[in-house]
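For reference, the structure is listed below as C-alpha coordinates.
Should a chain be cited, it is by its letter among A, B, C and D, assigned in written order, with residues numbered from 1 in that chain.
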Amino acid sequence: MKNTLIHLTSSPYSSLACKEGLDLALVLATFEQKVDLCLSDAALSILTISQQPTPEQGKNLHKLLDGLEFYDIENVFIESSSLIPDSATQWSGITSLDSAAWSELFSSYQQVFRF
Amino acid sequence: MQHTLLVTGSPYQSKACHSALCFARAALKAQPDSIKGVFFYEDAVLIGNDLAQPPRDEINLKQAWQTLASEFNLPLYLCIAAAVRRGVINESESKRYELNHHSLSHGFQLEGLGTLVELMNSTQKIIQFR
Amino acid sequence: MVMLDSSLLDEEGYLLNLDDWSPELAQQLATQEGIALTDQHWEIIYLLRDFYHEFEVSPAMRPLTKAVSKKLGAEKGRSIYLMTLFPGSPPKLAAKIAGLPKPANCL
Amino acid sequence: MTLHQINQLSYANHIEPLWQQSLKQGDAVLLIEEAILRLTQPHLTSMTPLEEKHICLYYLQRDAEGYGVQPSLGKALSDTEWVELAFSASSHISW
(Lines give C-alpha, C1' and ligand atoms only; values in the text may rest on other atoms or scores of the structure.)
Protein backbone atom coordinates (compact mmCIF):
# COMPACT_ATOMS: atom_id res chain seq x y z
CA MET A 1 0.00 0.00 0.00
CA LYS A 2 1.29 3.42 -0.97
CA ASN A 3 0.05 6.81 0.11
CA THR A 4 -0.89 9.10 -2.70
CA LEU A 5 -1.40 12.83 -3.07
CA ILE A 6 -3.67 13.96 -5.89
CA HIS A 7 -2.89 17.59 -6.70
CA LEU A 8 -5.64 19.34 -8.63
CA THR A 9 -4.57 22.49 -10.43
CA SER A 10 -6.87 22.66 -13.48
CA SER A 11 -10.16 24.46 -13.68
CA PRO A 12 -13.12 22.04 -13.47
CA TYR A 13 -14.72 23.69 -16.48
CA SER A 14 -11.79 24.06 -18.87
CA SER A 15 -10.81 20.43 -19.35
CA LEU A 16 -11.38 16.91 -18.08
CA ALA A 17 -8.21 16.96 -15.98
CA CYS A 18 -9.88 17.86 -12.68
CA LYS A 19 -12.62 15.26 -13.22
CA GLU A 20 -10.20 12.51 -14.18
CA GLY A 21 -7.98 13.38 -11.21
CA LEU A 22 -10.94 13.06 -8.86
CA ASP A 23 -11.94 9.78 -10.53
CA LEU A 24 -8.47 8.42 -9.79
CA ALA A 25 -8.76 9.57 -6.16
CA LEU A 26 -12.14 7.84 -5.79
CA VAL A 27 -10.82 4.59 -7.25
CA LEU A 28 -7.75 4.63 -5.03
CA ALA A 29 -10.01 5.15 -2.04
CA THR A 30 -12.42 2.43 -3.19
CA PHE A 31 -9.46 0.06 -3.26
CA GLU A 32 -8.65 1.13 0.31
CA GLN A 33 -5.53 3.05 -0.61
CA LYS A 34 -4.55 6.07 1.48
CA VAL A 35 -5.22 9.15 -0.64
CA ASP A 36 -5.30 12.87 0.12
CA LEU A 37 -6.26 15.75 -2.15
CA CYS A 38 -4.74 19.16 -2.48
CA LEU A 39 -5.89 22.10 -4.55
CA SER A 40 -4.17 25.09 -6.07
CA ASP A 41 -4.45 27.45 -9.01
CA ALA A 42 -7.66 27.23 -11.05
CA ALA A 43 -8.78 24.04 -9.29
CA LEU A 44 -9.52 26.12 -6.17
CA SER A 45 -12.70 27.14 -7.92
CA ILE A 46 -14.33 23.79 -7.14
CA LEU A 47 -14.57 25.01 -3.53
CA THR A 48 -17.01 27.79 -4.39
CA ILE A 49 -20.41 26.96 -2.97
CA SER A 50 -22.83 28.62 -5.35
CA GLN A 51 -21.64 27.24 -8.68
CA GLN A 52 -24.19 26.10 -11.23
CA PRO A 53 -22.40 24.79 -14.30
CA THR A 54 -24.35 24.08 -17.47
CA PRO A 55 -23.82 20.73 -19.22
CA GLU A 56 -21.61 22.58 -21.71
CA GLN A 57 -19.37 23.79 -18.89
CA GLY A 58 -19.07 20.40 -17.24
CA LYS A 59 -20.12 18.31 -14.30
CA ASN A 60 -20.55 20.01 -10.96
CA LEU A 61 -17.46 18.67 -9.20
CA HIS A 62 -18.17 20.80 -6.16
CA LYS A 63 -20.98 18.39 -5.27
CA LEU A 64 -18.52 15.55 -4.90
CA LEU A 65 -16.70 17.30 -2.04
CA ASP A 66 -19.42 16.43 0.46
CA GLY A 67 -19.35 12.84 -0.78
CA LEU A 68 -15.64 12.36 -0.08
CA GLU A 69 -16.35 11.19 3.47
CA PHE A 70 -18.07 8.10 2.07
CA TYR A 71 -14.83 7.24 0.33
CA ASP A 72 -12.74 7.84 3.47
CA ILE A 73 -10.95 10.71 1.77
CA GLU A 74 -10.37 12.86 4.81
CA ASN A 75 -7.92 15.53 3.76
CA VAL A 76 -8.34 18.29 1.21
CA PHE A 77 -5.39 20.63 1.61
CA ILE A 78 -4.92 24.14 0.33
CA GLU A 79 -2.25 26.74 0.98
CA SER A 80 -3.55 29.31 3.45
CA SER A 81 -2.54 32.24 1.25
CA SER A 82 -4.93 30.97 -1.43
CA LEU A 83 -7.91 31.09 0.93
CA ILE A 84 -10.39 33.65 -0.21
CA PRO A 85 -11.23 36.22 2.46
CA ASP A 86 -14.97 35.50 2.45
CA SER A 87 -14.95 31.94 3.75
CA ALA A 88 -18.75 31.76 3.77
CA THR A 89 -18.71 31.19 0.01
CA GLN A 90 -16.17 28.39 0.23
CA TRP A 91 -16.53 24.69 1.08
CA SER A 92 -15.71 24.28 4.75
CA GLY A 93 -14.05 20.85 4.76
CA ILE A 94 -10.61 22.10 3.70
CA THR A 95 -7.43 22.03 5.77
CA SER A 96 -5.30 25.10 5.12
CA LEU A 97 -1.54 24.91 5.46
CA ASP A 98 1.04 27.67 5.86
CA SER A 99 3.49 27.94 2.99
CA ALA A 100 6.19 25.85 4.69
CA ALA A 101 3.79 22.99 5.43
CA TRP A 102 2.34 23.32 1.94
CA SER A 103 5.65 22.80 0.16
CA GLU A 104 6.55 20.07 2.67
CA LEU A 105 3.37 18.26 1.64
CA PHE A 106 4.75 17.26 -1.75
CA SER A 107 7.62 15.27 -0.30
CA SER A 108 5.58 13.44 2.30
CA TYR A 109 3.83 11.02 -0.09
CA GLN A 110 5.21 8.07 -2.00
CA GLN A 111 3.47 9.33 -5.10
CA VAL A 112 2.09 12.64 -6.24
CA PHE A 113 -0.04 13.04 -9.36
CA ARG A 114 -1.08 16.43 -10.69
CA PHE A 115 -4.22 17.02 -12.73
CA MET B 1 12.31 -5.01 -8.77
CA GLN B 2 9.67 -4.04 -11.30
CA HIS B 3 8.28 -0.60 -12.04
CA THR B 4 5.05 0.77 -13.50
CA LEU B 5 4.83 3.52 -16.11
CA LEU B 6 1.88 5.91 -16.02
CA VAL B 7 1.43 8.05 -19.13
CA THR B 8 -1.09 10.89 -18.98
CA GLY B 9 0.05 13.37 -21.65
CA SER B 10 -1.64 13.50 -25.05
CA PRO B 11 0.31 11.91 -27.92
CA TYR B 12 -0.36 15.11 -29.91
CA GLN B 13 -0.08 17.93 -27.38
CA SER B 14 2.81 16.61 -25.34
CA LYS B 15 5.88 14.39 -25.59
CA ALA B 16 4.74 12.10 -22.77
CA CYS B 17 4.13 9.07 -25.01
CA HIS B 18 7.45 9.65 -26.80
CA SER B 19 9.54 10.07 -23.67
CA ALA B 20 7.88 7.09 -22.00
CA LEU B 21 8.64 5.00 -25.09
CA CYS B 22 12.35 5.88 -24.97
CA PHE B 23 12.40 5.17 -21.25
CA ALA B 24 10.63 1.82 -21.60
CA ARG B 25 12.86 0.79 -24.49
CA ALA B 26 16.05 1.51 -22.53
CA ALA B 27 14.69 -0.14 -19.39
CA LEU B 28 13.58 -3.33 -21.14
CA LYS B 29 16.82 -3.61 -23.13
CA ALA B 30 18.81 -3.47 -19.90
CA GLN B 31 16.46 -5.81 -18.05
CA PRO B 32 13.59 -7.43 -19.97
CA ASP B 33 11.16 -7.66 -17.03
CA SER B 34 11.93 -4.33 -15.36
CA ILE B 35 8.55 -2.84 -16.33
CA LYS B 36 5.44 -4.72 -15.31
CA GLY B 37 3.01 -2.65 -17.33
CA VAL B 38 2.28 0.72 -18.89
CA PHE B 39 -0.98 2.44 -17.97
CA PHE B 40 -2.31 5.23 -20.20
CA TYR B 41 -4.75 7.73 -18.68
CA GLU B 42 -6.29 11.09 -19.66
CA ASP B 43 -5.52 12.05 -23.28
CA ALA B 44 -2.68 9.51 -23.43
CA VAL B 45 -5.30 6.84 -24.21
CA LEU B 46 -5.45 8.30 -27.73
CA ILE B 47 -2.27 6.33 -28.41
CA GLY B 48 -4.48 3.24 -28.82
CA ASN B 49 -6.67 4.69 -31.61
CA ASP B 50 -6.19 2.33 -34.53
CA LEU B 51 -7.65 4.83 -36.99
CA ALA B 52 -5.10 7.58 -36.37
CA GLN B 53 -2.56 7.68 -39.17
CA PRO B 54 0.59 9.78 -38.90
CA PRO B 55 2.11 11.17 -42.10
CA ARG B 56 4.45 8.62 -43.62
CA ASP B 57 7.54 10.69 -42.92
CA GLU B 58 6.87 10.99 -39.19
CA ILE B 59 7.25 8.54 -36.36
CA ASN B 60 4.43 6.02 -35.98
CA LEU B 61 4.27 6.18 -32.22
CA LYS B 62 1.48 3.66 -31.83
CA GLN B 63 3.36 1.15 -33.94
CA ALA B 64 6.56 1.77 -31.97
CA TRP B 65 4.73 0.94 -28.73
CA GLN B 66 3.19 -2.17 -30.31
CA THR B 67 6.59 -3.39 -31.50
CA LEU B 68 8.14 -2.86 -28.09
CA ALA B 69 5.22 -4.49 -26.34
CA SER B 70 5.31 -7.61 -28.47
CA GLU B 71 9.10 -7.93 -28.25
CA PHE B 72 9.06 -7.83 -24.45
CA ASN B 73 5.58 -9.10 -23.71
CA LEU B 74 4.79 -5.75 -22.12
CA PRO B 75 1.12 -5.09 -21.26
CA LEU B 76 -0.22 -1.75 -22.50
CA TYR B 77 -3.36 -0.75 -20.60
CA LEU B 78 -5.70 2.09 -21.51
CA CYS B 79 -8.09 3.39 -18.85
CA ILE B 80 -11.44 2.13 -20.11
CA ALA B 81 -13.48 5.14 -19.00
CA ALA B 82 -10.98 7.62 -20.46
CA ALA B 83 -10.68 5.62 -23.70
CA VAL B 84 -14.38 5.03 -24.32
CA ARG B 85 -15.29 8.68 -23.90
CA ARG B 86 -12.57 9.53 -26.45
CA GLY B 87 -13.71 6.98 -29.01
CA VAL B 88 -11.05 4.34 -28.40
CA ILE B 89 -13.38 1.35 -28.28
CA ASN B 90 -12.82 -2.38 -28.31
CA GLU B 91 -15.21 -5.00 -29.65
CA SER B 92 -17.12 -5.60 -26.43
CA GLU B 93 -17.57 -1.87 -25.71
CA SER B 94 -18.67 -1.38 -29.30
CA LYS B 95 -21.37 -3.96 -28.68
CA ARG B 96 -22.31 -2.42 -25.35
CA TYR B 97 -22.87 0.96 -26.98
CA GLU B 98 -24.52 -0.62 -30.02
CA LEU B 99 -21.96 0.77 -32.45
CA ASN B 100 -20.91 -0.55 -35.80
CA HIS B 101 -17.21 0.09 -35.29
CA HIS B 102 -14.39 -0.47 -32.92
CA SER B 103 -11.14 1.45 -32.93
CA LEU B 104 -8.79 -0.09 -30.38
CA SER B 105 -5.49 -1.06 -31.93
CA HIS B 106 -3.96 -4.48 -31.27
CA GLY B 107 -1.51 -4.76 -28.42
CA PHE B 108 -3.54 -2.39 -26.22
CA GLN B 109 -6.21 -3.43 -23.71
CA LEU B 110 -8.96 -1.50 -21.95
CA GLU B 111 -8.89 -1.85 -18.17
CA GLY B 112 -10.33 0.01 -15.21
CA LEU B 113 -8.25 2.23 -12.94
CA GLY B 114 -8.27 -0.70 -10.52
CA THR B 115 -5.59 -2.25 -12.75
CA LEU B 116 -3.41 0.78 -12.08
CA VAL B 117 -3.91 0.27 -8.35
CA GLU B 118 -2.85 -3.37 -8.69
CA LEU B 119 0.26 -2.36 -10.64
CA MET B 120 0.99 0.29 -8.04
CA ASN B 121 0.88 -2.22 -5.23
CA SER B 122 2.89 -4.91 -6.95
CA THR B 123 5.76 -2.77 -8.24
CA GLN B 124 8.34 -0.60 -6.56
CA LYS B 125 7.00 2.69 -7.85
CA ILE B 126 5.16 4.49 -10.60
CA ILE B 127 7.09 6.64 -13.04
CA GLN B 128 4.82 9.20 -14.65
CA PHE B 129 5.04 10.93 -18.01
CA ARG B 130 2.79 13.93 -18.45
CA MET C 1 -48.26 -5.58 -16.26
CA VAL C 2 -46.77 -3.16 -18.75
CA MET C 3 -43.94 -4.51 -20.85
CA LEU C 4 -40.56 -2.89 -20.40
CA ASP C 5 -39.71 -0.71 -23.37
CA SER C 6 -36.25 -2.02 -24.28
CA SER C 7 -35.50 1.01 -26.46
CA LEU C 8 -35.02 2.97 -23.22
CA LEU C 9 -32.15 0.72 -22.16
CA ASP C 10 -28.59 0.07 -23.23
CA GLU C 11 -27.17 -3.38 -23.97
CA GLU C 12 -26.63 -4.08 -20.26
CA GLY C 13 -30.05 -2.85 -19.21
CA TYR C 14 -29.08 0.60 -17.85
CA LEU C 15 -31.26 3.57 -18.72
CA LEU C 16 -30.03 5.53 -21.72
CA ASN C 17 -31.69 8.73 -20.51
CA LEU C 18 -31.72 9.17 -16.74
CA ASP C 19 -34.80 11.39 -16.94
CA ASP C 20 -36.90 8.44 -18.13
CA TRP C 21 -36.84 6.91 -14.65
CA SER C 22 -40.04 6.48 -12.66
CA PRO C 23 -41.01 4.16 -9.81
CA GLU C 24 -43.10 2.17 -12.30
CA LEU C 25 -40.09 1.75 -14.55
CA ALA C 26 -38.01 0.65 -11.54
CA GLN C 27 -40.65 -1.98 -10.88
CA GLN C 28 -40.28 -3.29 -14.44
CA LEU C 29 -36.50 -3.17 -14.34
CA ALA C 30 -36.53 -5.14 -11.10
CA THR C 31 -38.93 -7.74 -12.49
CA GLN C 32 -36.61 -8.21 -15.43
CA GLU C 33 -33.79 -8.87 -12.95
CA GLY C 34 -35.95 -11.36 -11.08
CA ILE C 35 -36.39 -9.13 -8.02
CA ALA C 36 -39.69 -8.37 -6.31
CA LEU C 37 -39.27 -4.92 -4.78
CA THR C 38 -40.02 -4.60 -1.07
CA ASP C 39 -39.82 -1.57 1.22
CA GLN C 40 -36.27 -2.65 2.04
CA HIS C 41 -35.39 -2.39 -1.64
CA TRP C 42 -37.08 0.97 -2.06
CA GLU C 43 -35.21 2.63 0.78
CA ILE C 44 -31.91 1.62 -0.83
CA ILE C 45 -33.10 2.75 -4.27
CA TYR C 46 -34.09 6.17 -2.98
CA LEU C 47 -30.91 6.46 -0.91
CA LEU C 48 -28.93 5.69 -4.04
CA ARG C 49 -30.84 8.29 -6.06
CA ASP C 50 -30.26 10.86 -3.31
CA PHE C 51 -26.56 9.97 -3.25
CA TYR C 52 -26.34 10.47 -6.99
CA HIS C 53 -28.18 13.78 -6.97
CA GLU C 54 -26.17 15.04 -4.04
CA PHE C 55 -22.69 14.05 -5.26
CA GLU C 56 -23.19 13.37 -9.00
CA VAL C 57 -21.58 9.95 -8.82
CA SER C 58 -22.87 6.38 -8.60
CA PRO C 59 -21.15 4.84 -5.57
CA ALA C 60 -19.14 1.61 -5.61
CA MET C 61 -19.61 -0.91 -2.78
CA ARG C 62 -17.57 0.79 -0.07
CA PRO C 63 -19.08 4.26 -0.28
CA LEU C 64 -22.52 2.67 -0.70
CA THR C 65 -22.21 0.68 2.53
CA LYS C 66 -20.94 3.77 4.35
CA ALA C 67 -23.81 5.88 3.08
CA VAL C 68 -26.36 3.21 4.04
CA SER C 69 -24.81 2.88 7.51
CA LYS C 70 -25.01 6.60 8.03
CA LYS C 71 -28.61 7.01 6.86
CA LEU C 72 -30.25 3.67 7.73
CA GLY C 73 -28.06 2.31 10.52
CA ALA C 74 -25.05 0.02 10.76
CA GLU C 75 -27.12 -3.15 10.52
CA LYS C 76 -28.25 -2.29 6.99
CA GLY C 77 -24.86 -0.88 6.06
CA ARG C 78 -23.34 -4.34 5.86
CA SER C 79 -22.54 -5.71 2.43
CA ILE C 80 -24.24 -9.01 3.31
CA TYR C 81 -27.54 -7.18 3.80
CA LEU C 82 -27.22 -5.38 0.47
CA MET C 83 -26.23 -8.65 -1.22
CA THR C 84 -29.46 -10.32 -0.13
CA LEU C 85 -31.50 -7.45 -1.58
CA PHE C 86 -29.45 -6.97 -4.75
CA PRO C 87 -27.59 -10.24 -5.39
CA GLY C 88 -24.30 -10.32 -7.27
CA SER C 89 -23.06 -6.74 -7.31
CA PRO C 90 -25.36 -4.52 -5.21
CA PRO C 91 -23.94 -1.21 -6.49
CA LYS C 92 -24.43 -2.21 -10.13
CA LEU C 93 -27.81 -3.88 -9.77
CA ALA C 94 -29.26 -1.22 -7.47
CA ALA C 95 -27.96 1.55 -9.76
CA LYS C 96 -29.64 -0.15 -12.71
CA ILE C 97 -33.01 -0.33 -10.96
CA ALA C 98 -32.60 3.19 -9.57
CA GLY C 99 -32.05 4.49 -13.11
CA LEU C 100 -28.53 5.71 -12.49
CA PRO C 101 -25.32 5.34 -14.51
CA LYS C 102 -23.38 2.13 -13.99
CA PRO C 103 -20.84 2.79 -11.23
CA ALA C 104 -17.32 3.06 -12.65
CA ASN C 105 -14.59 0.75 -11.45
CA CYS C 106 -16.89 -1.30 -9.32
CA LEU C 107 -15.23 -3.91 -7.14
CA MET D 1 16.27 10.62 -2.95
CA THR D 2 13.31 11.92 -4.88
CA LEU D 3 13.82 12.40 -8.60
CA HIS D 4 12.02 15.49 -9.85
CA GLN D 5 11.32 15.17 -13.56
CA ILE D 6 10.88 18.58 -15.15
CA ASN D 7 9.51 18.70 -18.69
CA GLN D 8 8.50 22.32 -19.24
CA LEU D 9 10.44 25.49 -19.81
CA SER D 10 8.25 27.16 -17.23
CA TYR D 11 5.19 26.04 -15.33
CA ALA D 12 1.95 27.92 -14.79
CA ASN D 13 1.26 30.11 -11.79
CA HIS D 14 2.12 28.45 -8.53
CA ILE D 15 3.74 25.30 -9.87
CA GLU D 16 7.09 26.91 -10.72
CA PRO D 17 7.93 28.10 -7.20
CA LEU D 18 6.26 25.03 -5.71
CA TRP D 19 8.44 22.39 -7.33
CA GLN D 20 11.57 24.30 -6.38
CA GLN D 21 10.46 24.80 -2.79
CA SER D 22 9.59 21.14 -2.45
CA LEU D 23 13.17 20.03 -3.22
CA LYS D 24 14.82 18.28 -0.30
CA GLN D 25 18.46 17.85 0.58
CA GLY D 26 19.96 15.19 -1.66
CA ASP D 27 17.13 15.11 -4.24
CA ALA D 28 17.86 15.07 -7.95
CA VAL D 29 16.41 17.17 -10.75
CA LEU D 30 16.18 15.86 -14.30
CA LEU D 31 15.40 18.12 -17.24
CA ILE D 32 13.70 16.42 -20.18
CA GLU D 33 11.88 17.52 -23.33
CA GLU D 34 11.60 21.32 -23.65
CA ALA D 35 12.86 21.78 -20.09
CA ILE D 36 16.30 21.35 -21.62
CA LEU D 37 15.90 25.00 -22.70
CA ARG D 38 16.15 26.04 -19.06
CA LEU D 39 19.88 25.48 -19.46
CA THR D 40 20.06 28.22 -22.07
CA GLN D 41 18.10 30.84 -20.15
CA PRO D 42 18.52 32.93 -17.07
CA HIS D 43 15.98 30.65 -15.38
CA LEU D 44 18.95 29.12 -13.65
CA THR D 45 19.30 32.15 -11.43
CA SER D 46 15.97 31.19 -9.94
CA MET D 47 17.24 27.67 -9.37
CA THR D 48 19.84 28.62 -6.76
CA PRO D 49 18.48 26.27 -4.10
CA LEU D 50 20.13 23.51 -6.13
CA GLU D 51 23.55 24.25 -4.70
CA GLU D 52 22.45 24.94 -1.15
CA LYS D 53 20.55 21.69 -0.95
CA HIS D 54 23.21 19.55 -2.68
CA ILE D 55 20.87 18.69 -5.47
CA CYS D 56 22.24 16.97 -8.54
CA LEU D 57 21.07 18.44 -11.81
CA TYR D 58 20.75 16.06 -14.76
CA TYR D 59 19.53 16.44 -18.29
CA LEU D 60 18.80 13.99 -21.07
CA GLN D 61 21.57 13.86 -23.63
CA ARG D 62 19.03 12.94 -26.32
CA ASP D 63 16.95 16.06 -25.70
CA ALA D 64 20.01 18.32 -25.49
CA GLU D 65 21.13 17.05 -28.89
CA GLY D 66 17.64 17.36 -30.30
CA TYR D 67 17.42 21.00 -29.33
CA GLY D 68 21.07 21.64 -30.23
CA VAL D 69 21.80 22.81 -26.71
CA GLN D 70 25.27 22.44 -25.24
CA PRO D 71 24.75 22.90 -21.53
CA SER D 72 27.56 24.13 -19.33
CA LEU D 73 25.70 22.94 -16.28
CA GLY D 74 24.32 19.63 -15.10
CA LYS D 75 25.22 16.08 -16.01
CA ALA D 76 24.16 14.46 -19.27
CA LEU D 77 22.37 11.11 -19.07
CA SER D 78 21.98 8.48 -21.74
CA ASP D 79 18.61 6.73 -21.79
CA THR D 80 20.18 3.78 -19.97
CA GLU D 81 21.56 6.06 -17.24
CA TRP D 82 18.17 7.76 -17.02
CA VAL D 83 16.52 4.42 -16.30
CA GLU D 84 19.14 3.60 -13.65
CA LEU D 85 18.64 6.96 -11.95
CA ALA D 86 14.84 6.71 -12.03
CA PHE D 87 14.81 3.13 -10.76
CA SER D 88 17.23 3.91 -7.93
CA ALA D 89 15.22 6.92 -6.68
CA SER D 90 13.04 6.29 -3.63
CA SER D 91 10.28 8.28 -5.26
CA HIS D 92 9.65 9.94 -8.59
CA ILE D 93 7.59 13.03 -9.30
CA SER D 94 6.78 14.38 -12.73
CA TRP D 95 6.06 18.08 -12.44
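Here is the rule we go by: a contact is a pair of C-beta atoms (placed from the backbone, for glycine too) under 8 Å apart; a residue touches a chain by one contact, two chains touch by 3 or more.
Just so we're clear, the structure is a prediction, and the values are computed from it rather than from any experiment.
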| item | value |
| --- | --- |
| Given chain A and chain D, the chains that contact each of them | B |
| Of A-C and A-B, whichever chain pair has more C-beta contact pairs | A-C |
| Chain centre separation in whole Å, for chain B relative to chain A (CA means) | 26 |
| Centroid spacing, where centroids are CA-atom means, of chain B and chain C in whole angstrom | 33 |
| Chain B and chain D, separation of their C-alpha mean positions in angstrom | 25 |
| Residues of chain A touching at least two other chains | 23, 27, 30-31, 110-111, 114 |
| Junction residues of chain B, two or more chains touched | 81, 112-114, 125-126, 128, 130 |
| Chain C residues counted as touching two or more neighbouring chains | 104-105, 107 |
| Touch-based graph of the chains, sorted into line, ring, star, complete or other | other |
| Pairs of chains found to touch, sorted by chain label | A-B, A-C, A-D, B-C, B-D |
| Chain D - residues contacting chain A, complex | 2, 12-15, 18-19, 21-22, 24, 91-95 |
| Residues of chain A defined as touching chain C within the complex | 23, 26-27, 29-32, 59-61, 63-64, 66-67, 69-72 |
| Partner chain A, residues of chain C touching it in the complex | 51, 54-57, 59-64, 66-67, 70, 104-105, 107 |
| Partner chain A, residues of chain B touching it in the complex | 6, 8, 41-42, 81-82, 112-114, 116-117, 120-121, 125-126, 128, 130 |
| Interface residues, chain D side, partner chain B - complex | 5, 7, 32-34, 62, 78-80, 82-84, 86-87, 89, 91-94 |
